[in-house]
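For reference, the structures are reproduced in the following blocks.
Presented sequentially are two complexes of subunit A, the first with subunit B as partner and the second with subunit C.
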Partner chain A sequence: MIILTVDGRSIQAPAGSSVLSACLFADIFIPHLCWLESDTVADAPAACRLCFVEIDGFSEPVTACTVTVENGMMVHTDTEAVRSLQKTALKLLLSVHKVDCKNCPADKACSLQDIAKFLGIGLGCKPFERVLKELDVDSRHPAFDYYPNRCVLCGLCVRICRDRHEQPMLSFAGRGFNTVVGYFAETSDTDPDCLSCRGCLDVCPTGALVEKSQV
Partner chain B sequence: MTENVKSRIEAAYQALAEEARDQKETFDQSPLPKIHIGMASCGIASGALETQAAFEAALKDRGVEAHVHTVGCLGHCYAEPVVIIDHPDSGFPPILYPEVTPGKAKMLVKLFLEGGDPRFEHIMGATVENEMIPSVMEFARFNREKRVVMERCGKIDPEKINEYIAQGGYGALVKGLGRTPESIIAEIEASGLRGRGGAGFPTGKKWQFARNAAGSDKLIICNADEGDPGAYMDRTLLESNPHQVIEGMMIAALAVGATRGLFYVRAEYPLAVRILTTAVDQARELGLLGTDILGSGLDFDIDLFQGSGAFVCGEETALIRSVEGFRGMPRHRPPYPVEHGLDGRPTVINNVKTLATIPPIVEKGADWFRGIGTPGSPGTAVFSIVGNVTHPGLVEIPMGVTLRELIFDICGGIPKQKKFKAVQIGGPSGGCLSADFLDTPVDFDELRQAGAMMGSGGMVVMDEDSCMVDVSRYFLDFTQKESCGKCTFCRVGTRHLLNILQRLTRGEGKEGDIKQLETLSRAVQQGSLCGLGKTAPNPILTSVAYFKEEYEAHIQEGRCPGCACRTLTAFYIDLDKCARGCDACVACCPVDAVFTTSTRKKGIDQELCVKCGECMVACPPEYDAVVKISPAHLAPIIERPSEKKS
Partner chain C sequence: MNPLSSEDLANIEVLKKQIKDAPKGRGQLIPLLQMAQNILGYLPDKALSLVADYLSINRSDVYGVASFYNQFRFNPPGKNPVKVCMGTACHVRGGEIILENFERKLEIKEGDTTEDREFSIERVACVGCCALAPVALVGETLHGHMAPSKVEGLVLRVQLEREKAEREAGNS
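This part shows the complex of A and B:
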């Protein structure tokens, strides 16, 4: 076991684990969206840019999911620089998010709500303007509807699909601001696996994927 | 390696070299005139194919015998199509002709090749020192350059390997084969060569990491996914002298112990792809690639992969993903590709120019290389200089030359007597430097200190008519569109930066916008996952730092100092200068906004005007009556006379 210090507290973690997983297992919350429990340092996508921490010896805040724990490491999760980056990242995500919690199936079970509460900010996005994508719902998938303006592009659904199925059906599509989760299938028939799997629906943290029958 | 093997390699190479030299000698000593035509993409775009056809047709029609020799690019893009005519019988030295149109080609065949008159009025200069014609070496554009990477560009036919070998090509490979990998790496480390892709990481160190990495199945990738707007150094090199890059890659392979190489070339470079494919095939035929290279017992071969047009794939981890068959999205580093690259194999990724610099270093030694350039950045830099300069094109200079020398002495300064405003170095990742920085030497560290970066060699020069806010908007628009969309700061942050800049260029700026641009830029720099996002705000940060007054003018006065932002600018016609009866502006206006006043002078209907600027181009210079003004409301209003009934 590796022993490191997080916010003055000494914690233990198995060798090779990431700072993020070490902290989460020790009940020290670090905001994150794109990380799965099985992720190693090498395969963490580091896409959501929320899990910043400061570590002695690093000149800048680093993402906790990409740093391997080391003995004697001094980690700080609650510095001004860290919180400022996290708040900016969350506000950026909220600025492209259609905040309509009452009508969202993820209400009260939404990672964005949780993280906003944790950081002590609301669901507003000031000073950024809210910019939404034109397309509100993409209902081409036979099993679920995709809401681009709820999606935070954490990529969990894409990864789950790739892990579970030899021929994954989900992928990222588009570039830049227009990046979305796209799906491809040769016919419009429901992939027989989709509804029995439900991997993407269960893992989505923001209600961007909604099973068709629920609508 | 035993002496036996060494002499076998040497003998195999000498056999190739001898044949190549024989061919060259036969060609050189032929009494027939030789017409060398620059046929890289730049030449072809300017009409070199038509020029070639015109030469061939004229030779045939007139029954004149001559060698038409297609070569790569000399780097003088402003003068394309460039032709060098070597006509020994005329008594003149080889002569360089700029802008050879098909008509000029026919004329030269008739008057020079047949008649012996070189037509002095069309000459740029002789390519060698002589007593008859001034040499091009008298121009700064020629004599201030120092060519290491581009030494043979424009002199050899890139599709004939023997022309490269005859000039000593692949000699460095033979030297490398006779040395230990450690000594090659030591030589490159000692040379101080830094990666020419932009970041300037020491090449020797990178190779050492790959050499030390576990795993036997190592790989060299040449990154030719050149994508900065206005940059075309790598394309030109591959189209003009691909073998120097291949040779560099082979030496890299020897050094790190790789058996496979891969060229990652963008599919938008079809000519480079074709020439490179031919080059690899020819090298393989001669036993320079494949198994048991030159009898050394070593194997190495090269594949080609065409990138599908994503700028982010120039980032090495995204490049690897795309070769693996996935969407090109960068991943976190470490692990670095030198340890964990393509399919998990140790992979060295070097830029085209880096690899092309290797053979000369191995040939002439680290000390020779260190003698060029600055202590921190030895060697030369290849820039593609574009924008508002008199002589745009490819320039190779020793590091340490100042921007002023480069732009004003070597490239002829700003045309049309305009004032210099800024130079943008390093593309979307780089920065805009103002006139205060003209004495900055070209050097990795000096440029970074100034806020720009060396980049891979794109340099855009801008005159007083450029708007720095609009330039930032242009680059952010580019990076926003090319962002892979993976990480929050780059995907959403650049979008907000772009939105603010778009508002500014429309005159809808607000107090606090500059501050927000700076704050968000810093956050995007700090928070982004890969180099694209981390450097995307550089154009904003540098232009806000060095051209703040332009941002303020946009916000506070609705004025665009460069008169480039359309919403903030108006065109009007100065009635004191306008000549009666000239209808140039009326005729060229695409929306009929230009009208004739009662005094038969012209006016512009501001409601209709789309600000295309065509009237300004059309107005004869002796009148020069069309004026651009910002803010738009300052344009004097000239009433359009009511329609006369006919």
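This part shows the complex of A and C:
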């Protein structure tokens, strides 16, 4: 076991774990969207740029999901620099997000709402301009409808699908601002696998994937 | 999604034959996608799967890569591709409205192809005739000073010509 200090508190974590998982297991919340519990420091895509912390000896804030715990490490999760980076990262995500919680199935169970609340800010994106994608919903997938303007491109659905299935159906598609979660299956009839797996639906932190209502 | 035509099916057989002699390896992905598009004119799901399976790459990865590049298209080109200019001059003179008119008239969105594959719509950058803005191309023919009423006329003309050709083919 490794012993480190986080916000003045001494915590333990198994050797090799990331600072992020060590903190989360010790009930110290660090905002994060793109991390899966099984991620090692090497696997973490570090894409959402939310899990910043400051660590003594590092000149700048670092993403907690990509740093391995060490004995005697001094971690600070609540500094001004950290919070400012997190607020900016969240606002950038919200700047391409159609915030309409009342009509969203994720309302009250949404990571974006939770993180905004935790940071003490609303769901606005000032000073950034809000830019939405033209396509509101993509209904091609047999099991769910995909709402690009609610997707934060955390990649969790793509990764889960990849981990569980030899022939995954999800990938990122397009590029730049037009990047979406793409779906590919050669046949259009419902793949029974999807409905029994539900991996993507369960892991999505927002309301971007909505199960098709059973007819 | 447009269903495969009999021509597509024949082309897929051609692709199957040609792909057999192609070298393998991840680096062949783009060349093989280009080969498939050269044969078919676009990349239907069936073609993506063929390439993916041949190279033993996940199908959804192949789709992800293909969708990254502008050169690949996923729906069949129309016999009369409509290209609406969105260059600066045309934009200023209402290119967006012309595009919308075509979309409404043909009941498809930009990037799509009509069910009968007669028309497809895409937006293009400056075609070099800014003095005629707003400009649209139907097939190879350039139409300047576009207006909503002209959109109606152009689509109608193509349809009439097709009906005429069909009648003549029937008579002979």
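By definition in this document, the second predicted complex is superposed on the first by the 213 of 215 C-alpha atoms of A that agree within 3 Å, B and C clash if a C-alpha of one lies under 4 Å from a C-alpha of the other, contacts with A are read in each partner's own complex, and residues count from 1 in each chain.
Here is the rule we use: contacts are C-beta pairs under 8 Å (C-beta built on N, C-alpha and C of every residue); 3 or more make two chains touch, one makes a residue touch a chain.
As the structure is a prediction and not an experimental result, all values here were calculated from the model.
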Which superposed partner A:Pro31 touches (first subunit B, second subunit C, both, neither): neither
First (subunit B), second (subunit C), both or neither touched by A:Arg175: both
First (subunit B), second (subunit C), both or neither touched by A:Ala42: first
First, second, both or neither for A:Val131, with subunit B first and subunit C second: first
Subunit B or subunit C, by number of subunit A residues touched: B
Partner chain(s) touched by A:Gln167 [first = subunit B, second = subunit C, both, neither]: second
Partner chain in contact with A:Gly199 - subunit B first, subunit C second, else both or neither: neither
Partner chain in contact with A:Phe184 - subunit B first, subunit C second, else both or neither: second
Those residues of subunit A which subunit B touches in one complex and subunit C touches in the other: 171-172, 174-175
For the subunit A and subunit B complex, residues of the former touching the latter: 42, 44-50, 52, 60-61, 63, 66, 84-85, 88-89, 92-93, 95-96, 127-129, 131, 152-153, 155, 171-172, 174-179
Subunit A-facing residues of subunit B, complex: 310, 327, 329, 331-332, 335, 340, 480-489, 491-496, 499, 512, 516, 520, 523, 526-529
Residues on subunit C engaged by subunit A in the complex (per definition of touch): 1, 45-46, 48-49, 58-64, 67-68
Complex interface listing, subunit A residues touching subunit C: 140, 161-162, 167-175, 182-186, 188
